[in-house]
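Here you go, one structure.
Residue numbering begins at 1 within each chain, and the chains themselves are lettered A, B and C in the order written.
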C-alpha cells in the first residue's frame, strides 16, 4: 500500500519537475524584450481601448509613443483624446518630454433636421443603420446632407456620451464625450465634427452641412445654411468661410462674439451655453430666449439651442443665481 | 395622400412565415395524434392536452415576466414542442411529470438559450431524456395499446419490442426464440405495440413526413441519411449473425426511429443548415442510434443520438458550406 | 420540350404578375421639360458640353464621356437648355443634370427616322464599337454598364458566345417582352452586329418559358440566321443575372470575382441589342427606351416608348393616374428595383419599369426570430449563407463576411423574399458588402 503512494508521489513529482525545467528553458529561449517604458506609459492611459488615437488600443498607442519618443524626441501627432491633457502630461513625464497642452474637444452635431424644421416627405423602412440608409436614399425630408437619425454614432460611442433624442430624431452629445472621434467616423454624412470645447463649454458653430444652393436647401429644411454670407461679413476675426453655399466657423479664430448668430436669417448658427441675452428693439427676442421660452412652433424655425445635457443644468444654475440676486 | 415608403429591395415577400411552418408541422403530426388517441384512449388525450397547455403557459409566463419581451406563443413553436413532447411520453405518465417535462422543454431547453431559434438542443427531446433519467420506472412502463377500453385507471403495461429484444438477447436467447414475443411487421406499421404515444404507428408518421416534404417544410436529406445508415449498419450486423442481431426492418419500424427521423432530427432550429451537413448529421444519428440500441445500456437510443448530434451542429455548419457559385476550378471548353 | 434549362443553384419563383404583357408599346408624348442627369451609366459621370440658353436638337450631343468607363449623353428632345443644375435622381440624391425646355421635336439631320429594316452588316468591328460608344449605349437591363466596354474584351480573353438576355425574370416588367414581339427583327440584326463586333459566331437569345409568344416569334426570326439560336428557359428568378444566365444557357460558371468574359461570354440585354441596331443602322443615339408602367392598382398597365428625361409623373398620368392608395413607387422591378421618393424623378437609360404598389403591399412585415430553417441558403443563387452574412454584418465582423464571400452576393433579394421570419437579410447584406468592399479597397491602397 505504501509503495503505491510513494510511486504516485514520485511519478507526479517527477513529471512536475520535468515540466518546470522545460518551461524554464522555453521561457528563456523565447523571451521577447519589451521596453519597460511601454508598460509604464500604458499604466497612465485610460485603458478604454477606443482607438480614438488612431492606434488599435492603448497598448499599441503606448508602443507608438515610446517609439516616437526614442526616435524623434517628440510626441507630436500622438495624443490620447480620451485622457486629454492630463494623461498626455503624465505620459510626457514618464518619457521625459514636454507635451504641448491641447484644447479639450467635444463632438458637435451639425444638423438641425428635426421633424419640424425638416419635415419627412417619405418614410424609410428597413434596418436601423445610417450606413445602409445613406446608401439607399437621400433622406426622408429630402435633404441629402441631413442626419438620418438611425444612430450609427450612438452605436459607435464607447463612452455612453451620445444618445438619440426621440423628439427631434437627432443625436445629443453629453459631457461624457472624450472626443475620441468614433462617431465622426461612423457618421456616413460627416455631420459630426470635433470642435474646441470652449471656455465654460461655450461654443458657436454652424449647425448645418448642406452644400446646396440657398433655395433648394431652404425648401427642404427651415434651418439650413443658405450660404447668404451675412455671417462672413459680420465676422471681424476671419473665422467664417463660405464654401459651396455653406458657412463654416473656424473655432481657432472664433472669439465667441456671437455677432454671426444674430445675423443668421435661418438660425443655422448655434450658440450653446451662453447666458440669455437682453432683448433688442430690432430683434424682438434672441434665438436663445425663443428656444428656452417656448417649445418650437411649426411655423418658425427655432433650433434647439441646448444640445449638451449638462448645459441645461448650467442654465438652471444661472437662472437660480439671478433669482437669488433679486 | 400617403407618404411613400422607401425601403431596400426586394419589395415583395413570399407568403412563407414562421407560423405557417409551425402549424404545417402540427398538421403533419395530426395522423400520429389520431392514431395515439385510437390506441391509448383517454389517457392519450390527457397527455396531449396537458402538455400543450403547460408548454404554452410556461412560454407565456417566461416571455412575459422573465424576458419581458414580446409574447409570441401564437407562432406555433411551443405547440409543436408540446405535441412532440407528448409523443415521447408513455400515455400513463402521471400528470405532474408531464408538467415538469413541459417546464424543462420550454424553460430549460428553449428559453434559457434565448427563445425560438437559439436553442442548441431539441426541446422536446431534452425533456424526454430529463424525464427518462429522473423517473426511469414511470418512463419505461409502456401501456399496451388497448384503445378507449383502458379508461383513466391503471392500464396493463408491457415492454416495447426493443426492450423485449434487448432483454431477451441479454438473457442468452436467440432472435428466432424471441420471434413469437415481438409484434409482426404489420403490427409495427399499424402501431399495435407498446411504446410512447407518438412512436407506435409507422404509417401515420410516414404520412406526416410526406406531407412536410410536399409542403417543403423539411428536405429528404436528414431522414433518408439517418434511416439509410441504420438500414446499412443493421444489415451488416444481421448478415453477420442473424440470431443475435435484429433485422433492419425491425430496427426501422420499432421504437422512436421514424418519429426521430421525421419529426425530431428535422427540427429546423437544431439541425444543420446545408444539405451536405444534413447528410452528415443524419448519418451520425444513424450510427449512434444503432450503437446505443445494440451495445448500449438503453434499449432505445434515438433521442440520445439526436441530442448528441445536435451538440455538434455548430461544427457541422462551420465545416459544410453550401456549394458556392463560381468556385469550380476548371471550365470545360467543350460543354 | 423536355426539361427546360435553368441555373443550378437556388432561385425563387415569385408570382409573375405580368399585367402589361399584352399592352402594345405606345409612344409617349414629349415632356414639357426634360431632366437629363449626367450620371446615367455605371462609372464616371459625363461632362456637359452645352450652355444655358443654347438651342439643342433631338439627338444632339449634350455631354461627353467623363472617363474610360463613361458614356456620352444626347438630347432626347429639341428645345432650349434651361438650366444645368442639380436634379433629383431615383435614390433621392441630387445629381448634376441638364434641364431642357421642350420646343417642337426637331431631330438631328443624320438620324434615319424611317421604320424600314436595314440589314446591312457591312461594318468592321471597330466601326460598330465606335458607333456604339458615340451613341452612349449602356446596359438597358438596369446595371447601366457602358456597352462598348463590354465589346472590348481585355487582353488575354476572347469571347465565344454572345448571350442576349430576354429573360426578364423580374415580376411585373414586360418591356423586354414587348420589345421582342414588336422589334424582333431589329433585335436579331442588333445581335448580328454585336457578334461581328466581338468576332464571335455563336449567339444565344435566352427567353423564359412564361413568354411563349416571344419564344416562337424569335425562333421564327432566327431560323435563317446562322449562329443565332433561341433558348427557352424555365421560369426561375434571378435568371436574368449575368452569371445565372450564362450557367443556364451554356452551363459555365463565372469564377468568383471575375467577369463573364473569363468564361468567354458576353451578355447583353435585348433592349441593348435593339439600341445597337438603331445606333449602327439608323445612326440614332440612345435617347429613348421602352418602360413598363404597372402595378396591381394601376388602371391601365402599359408599355411606353419614352424619351430619356421624362418625369415619372407623366408616365403614371399616361397609365391613367396614380391610384389613391399608392404606398410606394419603384423604379425597376419588385425584386431589385429602387423605391423612389418623388414622381419628379426622370426616366434614365437604365429605367426598365415603374411599378406602383398599393399601401398594403408596400410595408415590410414584422421581423421575427430566425428559426434557422436555412431557406435563404437553399434559394441563394450564389451558394452563400445569407443568414450568416447578415448576422456578421449586423455585428460588424466584416472579416468573417469577407471569408464567407459576401462580395459575391448579387443582391437579387431571393433570400429576403423567401425568409419566413421576415428578416431584412438583404439590407444587412448590402450594409456588409458596402463596408467589406471599403475595407478591401482600403487594403488595396496600402498594400
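As a convention for this text, a contact is a pair of C-beta atoms (placed from the backbone, for glycine too) under 8 Å apart; a residue touches a chain by one contact, two chains touch by 3 or more.
No experiment lies behind these values; they were computed from the predicted model shown.
Participant: By the contact definition above, name the pair with the higher C-beta contact count: A-B or B-C.
Facilitator: Most C-beta pairs in contact, of the two: B-C.
Participant: Which one of the chains is farthest from chain A, going by Cα centres?
Facilitator: When every chain centre is compared against chain A, the largest gap points to B.
Participant: Whole-Å distance, chain A centre to chain C centre, using C-alpha means?
Facilitator: Computed value for the inter-centroid distance: 43 Å.
Participant: Using CA atom averages as chain centres, what separation in Å is found between chain A and chain B?
Facilitator: Chain centroid spacing, chain A to chain B, equals 55 Å.
Participant: Averaging over Cα atoms per chain, report the distance between chain B and chain C in Å.
Facilitator: 48
Participant: By the touch rule stated above, which residues of chain B touch at least two different other chains?
Facilitator: 4-8
Participant: Out of chain C, which residues touch more than one other chain, so two or more?
Facilitator: Answer for chain C, listing residues that touch two or more other chains: 92, 338-339, 341-342, 363-364, 424, 427, 430.
Participant: Any chance you could list the residues of chain A touching two or more other chains?
Facilitator: Within chain A, the residues that touch at least two other chains are 121-122, 125-126, 132, 136-137.
Participant: Mind listing the chain A positions that touch chain B in their complex?
Facilitator: By the definition above, chain A touches chain B via 120-126, 132, 136-137, 140.
Participant: Provide the residue numbers of chain C that touch chain A in the complex, in ascending order.
Facilitator: 86, 88, 91-94, 338-339, 341-342, 363-364, 394, 424, 427-428, 430-431, 434-435
Participant: Which part of chain A faces chain C closely enough to touch in the complex?
Facilitator: Its residues touching chain C are 121-122, 125-127, 129, 131-132, 135-139, 142, 144, 212, 216.
Participant: Which residues, counting only chain B, touch chain C once they are in their complex?
Facilitator: The contact residues of chain B facing chain C are 1-2, 4-14, 16-18, 20-21, 72, 75, 77, 115-118, 219, 268-269, 271, 273-274, 321-328, 331, 335.
Participant: Which of the residues in chain C come into contact with chain B in the complex?
Facilitator: 9, 12, 14-15, 92, 171, 243, 247, 250-258, 263, 324-330, 332, 334-342, 355, 357, 359, 361-365, 368-375, 377-378, 380-385, 387, 404-405, 408, 411, 413-414, 416-422, 424, 426-427, 430
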